[in-house]
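Going by the order they are written in, the chains are A, B, C, D and E; count residues from 1 in each one.
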Amino acid sequence: DLVVPNLSYRTGPYGANGTQYADGFNDYFTLLNERDGGIGGEIIQVPECETAYNTEKGVECYEATKDTGALVYNPLSTGITYQLIPKVGVDKKVLYTPGYGRTSAKNGKVFEWVFNAPANYWDGASVAIKYLLEENGGDLSGKKIALVYHNSAYGKEPIRTLEELAAKHGFELNAIPVEAPGQEQKSQWLQIRRDKPDYVLMWGWGVMNQVAIQEAANIRFPMENFIGIWWAGSEIDVGPAGAGADGYKSLTFNGVGMDYPLYDDLKTHVLDTGKASQGGEHVGSAVYSRGMYAAVVIAEAIRKAQELAGTAQINPEQLREGFENLEISTERLAEIGLPDFGPEIALSCSNHGGSGMARIQQWDASAKTWNLITEFTEPDNEVLDPLIAADSEAYAKEAGITPRECN
Amino acid sequence: MMDQFFFAAEVLANGLMTGVMYALVALGFVLIFKASGVFNYAQGVLALFAALTLVGIQQGQIPFAHLINAAFGTSLHHFGWTVPAVLAIALTAGVMVALAFLIEKLVLQHLVGQEPIILFMATIGLAYFLEGLGDVMWGADIKTLDVGLPQGISDSIEGATAEWFGYGFFIDRLDIWATVIAALLVAALVAFAQYTKQGRAMRAVADDHQAALSVGISLRFIWVMVWSIAGFVALVAGIMWGTKSGVQFSLSLIALKALPVLMLGGFTSIPGAIVGGLIIGVGEKLFEFFIGPMVGGATENWFAYVLALIFLVFRPQGLFGERIIERV
Amino acid sequence: MLDKTEGYSTADGRQIGGVLMEMKNITLRFGGVVAIKDISFDIRQGEIRAIIGPNGAGKSSMLNVISGFYHPQEGEVWFKGYRRGPMKPYEVARLGIARTFQNIALFDGMSVLDNIMTGRLNRMKSGLLSQALWWGAAEREENENREQVEKIIDFLEIQNIRKTPVGRLPYGLKKRVELARALAAEPQILLLDEPMAGMNVEEKEDMSRFILDVNDEFGTTIALIEHDMGVVMDLSDRVVVMDYGRKIGDGNPDEVRRNQDVIDAYLGVAHD
Amino acid sequence: MLYREAGDFKTTYRDDGQTFPIRLDRWGYYVTLAVAFGIIPFVINDYWASAVFVPFLIYAIAALGLNILTGYAGQVSLGTGGFMAVGAYAVYKLMTAFPDISIVIHILLAGGITAMVGVLFGLPSLRIKGFYLAVATLAAQFFLVWLFNKVPWFYNYSASGQITAPERTILGQAVTGPASTASAKYLICLVFVFALAWIARNLTRGTLGRKWMAIRDMDIAAEIIGVNPLTAKLSAFAVSSFFIGIAGALLFAVYLGAAEVGEAFGINKSFLVLFMVIIGGLGSIFGSFAGAAFMVMMPVFLKNVLVGSLGWPTDLAAHIELMIVGALIVMFLIVEPHGLARLWSLTKEKLRLWPFPH
Amino acid sequence: MFDADTPETLLEVNNIEVIYNHVILVLKGVSLSVPKGGITALLGGNGAGKTTTLKAISNLLASERGEVTKGSIVYRGERVADRNPAALVKRGVIQVMEGRHCFEHLTVEENLLTGAYTRADGTAAIKRDLEMVYDYFPRLRERRKSQAGYTSGGEQQMVAMGRALMSRPEMILLDEPSMGLAPQLVEQIFQIVKAVNEGEGVTFLLAEQNTNVALRYAHYGYILENGRIVMDGPAAALRENPDVKEFYLGMSDEGRKSFRDVRSYRRRKRWLA
């Protein structure tokens, strides 16, 4: 058996989001086990451990599971990720943090054990700006962009990138923090009403998203000029605002809806047999899909690792190799039953973050669906690469790591 | 220049409305504190629990579905009916009374005469319990609450102000409703506490449990009554906040916004809760709006407390709180 | 330079010294309530001075003025020939004024011993570090003061309850512990607010004995409020009588006993 | 003889002031020490260290600190999380600014810095009392968290505002950073706990402790018998914050290794430590330990039982765990409002009377 | 009206034992009976257990972590243990607690009104009784609007008494009513007790340290020492008992002795060891 612990959170302030993610993650592995008998003949065990989005509990979960043969961790929390980064280096476990965590972990030379493909926050910021550039015929100069962010490590992540991009493209950035949990945002949105930015970006999580979208509707901010990061792009986020949320956009790096062949398999093997995590209530939601996508990538890395190692029963080191040589092509995705579900991924020793491609989805309030409105777009690596290099070097220095050579 | 003025006025107006929303939560605290000297930390959770129950009843959710499913392998979730809002509110109020009864029976009764801090801790324990119970009963999903309260910007106010001042004020209709309801609640509660026999008994209980017992006031009755009222106030707060941001865990954290309100208004004063709410609402909004951007923003959490603290240094019992009797 | 005037000698032959403390035209108001109205009197070195009067007359308030807890709107307090400026209660305590309270004010969470030790706090000077490490001054001081406290414990015959938390004690013993705490400070003036309330005769006798012994053996000046006329008349050297915040009588017990105002306002019947 | 003081006569005041007047207690204490220093370090593994022992020891320090303030001096504080953050950020800045100086000194300095901040936020206690003070201390909690989140200097301008503890060694053993071993972490915490508990004991049995308790039990009377409330309260804030600062420093540097202020030192931390103090017993050193042990171990225990043994779904287990924790807290308060420490001493009292019921 | 010869028993305390905190045994088998319409005094030194007895009767021990572990208390044929304190007040037993226990933040008048909490006979009657209490204690009328917390000790005692009277009880348990009162007032309080007892037939059980006054007004007395009843009898007989005279009334053969003289001897005779 192969062990892939699921450090989930189904309670606490972010429990509603965490639940859906964890369900998607579980269900995909259940599907593999049920349909294919695991990967390469090895059943995948997904022991779940509740972290409540709390770093101490996260660490406890990690320690409790790490000696059970765990291969890879995906804690869905930037805070817990920061705790685990130094630990996985010592314990030799893979840490996979798609779309969250420490951005500069993209640099595989410094962060040997950490992977954050297909995209990270800086990619997200850059893709959003790129989208806006396109909307504006390639010119953002003189425009005002506000960033409404969760006042935490997570929310602060994009600021540096956006500042660089502002300098490059000549727009004006105004960062507005919202104290967690973000139940009350009147003054922030009145500021936005006063400053009249052309666009608003949002790095939010939990209730903050819902309130922000509602407040934006209240001040009649045009929803189509309001773009959230992928963590601010789920059905729960737009729900309370009702019709007011129509037209709201968000980034995503995975497909939405249930129009994928894989869901047929999922239905036959998991849903209908009653094996779905939590009764399958959330199947097909945006966050569920993202959890499932994380499982897909991990499963693919396991396959690759088995292939390279020549054995089905791999260890974390071999899985790491698998990740570093991971390639998920368009064809492969289609084969899995998820055509065009995610960007192509090709990782290497030095690149642990993939291409960083993401796309934009838009909420249709009457149909209650997310629609994909752009193709996968590449970030502006010209800006990002130096930032990543600088940040990872700083970390290497602080932690006393000598970056390894990659060839 | 004029614009700045209007913005300030708008922030002020919105601050007042927010303050009312805070006050709604603070009111529940005040009631219980007045009646039992208990600093009821669970008030926020009570609001969450009330809102969860309301939504659950309204949408015909099966309580404890998840637990039953886990135990028996079933996959229940809804009864398949929906309950009209008014009826659901009435039923929820009933649940809150039952809850008050249970709390008295299982917790308070056994803690008669204990020090305030012990009672305070007990309410935190209660908060944990209710938080877990709410989740187990109704699930941890985010739920949308709609009891038919209007939401969104009031067009008539915007129109009217635009006509008068050339600047349309944005006021949320939900906030207007909250203000009206809060005003009614406060008036009713003040009258109750000050001029009725039960109100007097309630204040007597707060002063001295034993003496209250000795003159024949039934602590149980008073407590069940007060907790029921507080449960009802929590329900109102839960409806308002739940309509605004969906019913979910963070709703319980509004208790933390009510605390500075309470401190400023005085723990024992019902009007204080409103006045405190207004001052805090306006203060934190204006500060965040004008000073916030200079210091990096997100000041609201601490500013409310610091503001209250400054008031307290001059009036240690809050604006309207009862004088702290110091005698030897 | 204590004596403003020479002292006097009492009936049983004790020599009373000069004026130790003098209250001059004290007026104390709480909002509309006038608790003390223009009262003057003095307390002499070594005497037992009683303050009596009906309930609500302002007796306790007067003690509170003396111990610096209330600050009178008008009037002056003179101590040892100096005018006392506005002082915080703890500064007053350091001058050598200790007291007991009408509604017992012991520290309920502490043992009898610790309560009494608090009376000696102002004599203990060891620094934070020494205390933290329990080394040198701290330990030495603790043991020295403990010895003094044990003497008081012996004196008041409360050895057997030394380690009991005071919350558990019956009323009468609490009063005794309070007295012990006040004595531990080795005060120059001891203020007692109804030390014998709630006691039966036997206990009052004990208490009287303690008060007399303190006065005698340590030469402590005592001001006491009491409603038991037997006690007041037997123990005190001079008595101030208050009514509605005013002073209506001042003199030795015999004079007071016969004062018609006092009889009307307070005693009801002439006490024998 | 079990549990008898009789036959244990004290001949000096010094003996009488002993910490463990009963022989059996004294032995228990020595045995505990022997196990803690002599056995556990050799058998401890990562899981036990990070799930149980290290957090227990660190929270015991915090609980001792809060107990000094709340249990001994009677000033209820909900600012513990904020003060722990001060300790954490202080030690982070010191560690990164002076890498060559011993981490022990850094931790002590961090305690000292926290003490100063504590005194500052303790000033309102001179006017404000009871729950008003408790709520007022939340001002410290929220302000400090905001400050550390907002001012980049505190987190050395890192992109996300997270702080990460670099590796530091004592006698060649890494005690912070990823390479530190379970027993090294455990031992450094244990040493601090031991020393601080001893200091707490000394302070609370002497003059200062009596001043604190006097202020706690009746502040007016205390002032009238000569306790200066200013120095008494502020010294309580200082000492308490010193302890809490050290706990914060250890929590960050030794236990977590990386921290984000709002998450690691939020209001929940304040409540958690207050819980420990109350469940354990206000005004009791032993209670601080008992409370910390209870609050650290119970969730772990429940989780292991509910998920590990009974195999419940994690979310259900987590929700029910909340209910159980809540119910247990209420139950404990009902059974013995004065905490585990009192429960223990009552048991001893009964033992002493044994076999006679009264 | 009290008929001393064939009294109807209102309250029976049978051999009760009270333990605090599960360990401290305070009452060790106390029995007493209170006749209807009488004034019964419970005397005894500090810590004898008077307060505890009264609290056991009015069922207030629970909030002090005390419990009656043996024996029974029967009021009008009902065991009080089955009733909560509030119900007992409704049934006519009210206690004036030691140490006054006023509601500090309520005004004097509001304090008095809480006494009428259990009454259902209309505001007019309550108003009348309020006037009655003010007539008994004119000082309270003057201070009716002040917060009770700011009144003097004696005033608070009056409030507590008045509050009990307001409930129109059948039986009043008085715990040290004279404590801290001026001599005139002590007499007055007992006069009131007597008046209420005779005029309205209210039964009193009072715990007192002031043995002298208590025995002058009571019909019957019990002496409690160390948690046991050591003596009981009609008040007049107790007053004449030489031991009572010496220890409780402070009289020696030559009449009252001066407190100044007590220091010359140390008497430590105790009733029981």
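Definition applied: a contact is a pair of C-beta atoms (placed from the backbone, for glycine too) under 8 Å apart; a residue touches a chain by one contact, two chains touch by 3 or more.
For each chain, UniProt lists the protein as follows: B, D = Branched-chain amino acid ABC transporter permease; C, E = ABC transporter ATP-binding protein.
Given the structure is predicted, the values throughout are model-derived calculations rather than measurements.
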Separation of chain C from chain A in steps, with touching chains one step apart: 2
Between chain A and chain D, the fewest steps along chains that touch one another: 1
Chains contacting each of chain C and chain D, listed by label: B, E
Where chain B and chain C are represented by their mean Cα positions, the distance between them in whole Å: 50
Distance between chain centroids, defined by C-alpha means - chain A, chain E (Å): 74
Whole-Å gap separating chain C and chain E, where each centre is the average of the chain's CA atoms: 29
Where chain C touches two or more other chains at once, by residue number: 60, 69, 101-103, 105
For chain A, residues that touch 2 or more chains besides their own: 10-11, 15, 19, 151, 179, 278
For chain D, residues contacting two or more additional chains: 146, 149, 220-221, 224, 313, 315, 319, 322
Chains grouped in pairs wherever the two touch, ordered by label: A-B, A-D, B-C, B-D, B-E, C-D, C-E, D-E
Of all residues in chain B, those that touch chain D in their complex: 39, 66-67, 70, 106-107, 110-111, 114-118, 120-122, 124-133, 135-136, 140, 256, 259-260, 262-263, 267, 295-296, 298-299, 301-302, 305-306, 308-309, 312-313, 316-318, 324, 326-328
Contact footprint of chain A on chain D as seen in their complex: 46-47, 50-51, 55, 96, 146, 149, 158-162, 164, 166-167, 177-179, 255-260, 262-264, 300, 303, 307, 313-315, 317-319, 322
Interface residues, chain B side, partner chain E - complex: 112-113, 197, 200-201, 203-204, 206-221, 268, 322-323, 325, 327
Footprint of chain D on chain C - complex, ascending: 67-69, 88-90, 92-94, 98-99, 101, 105-110, 114, 117-119, 121-122, 124, 126, 128, 131-134, 138-139, 141-143, 146-147, 150, 181-182, 185
Residues of chain B that touch chain C when the two form their complex: 328
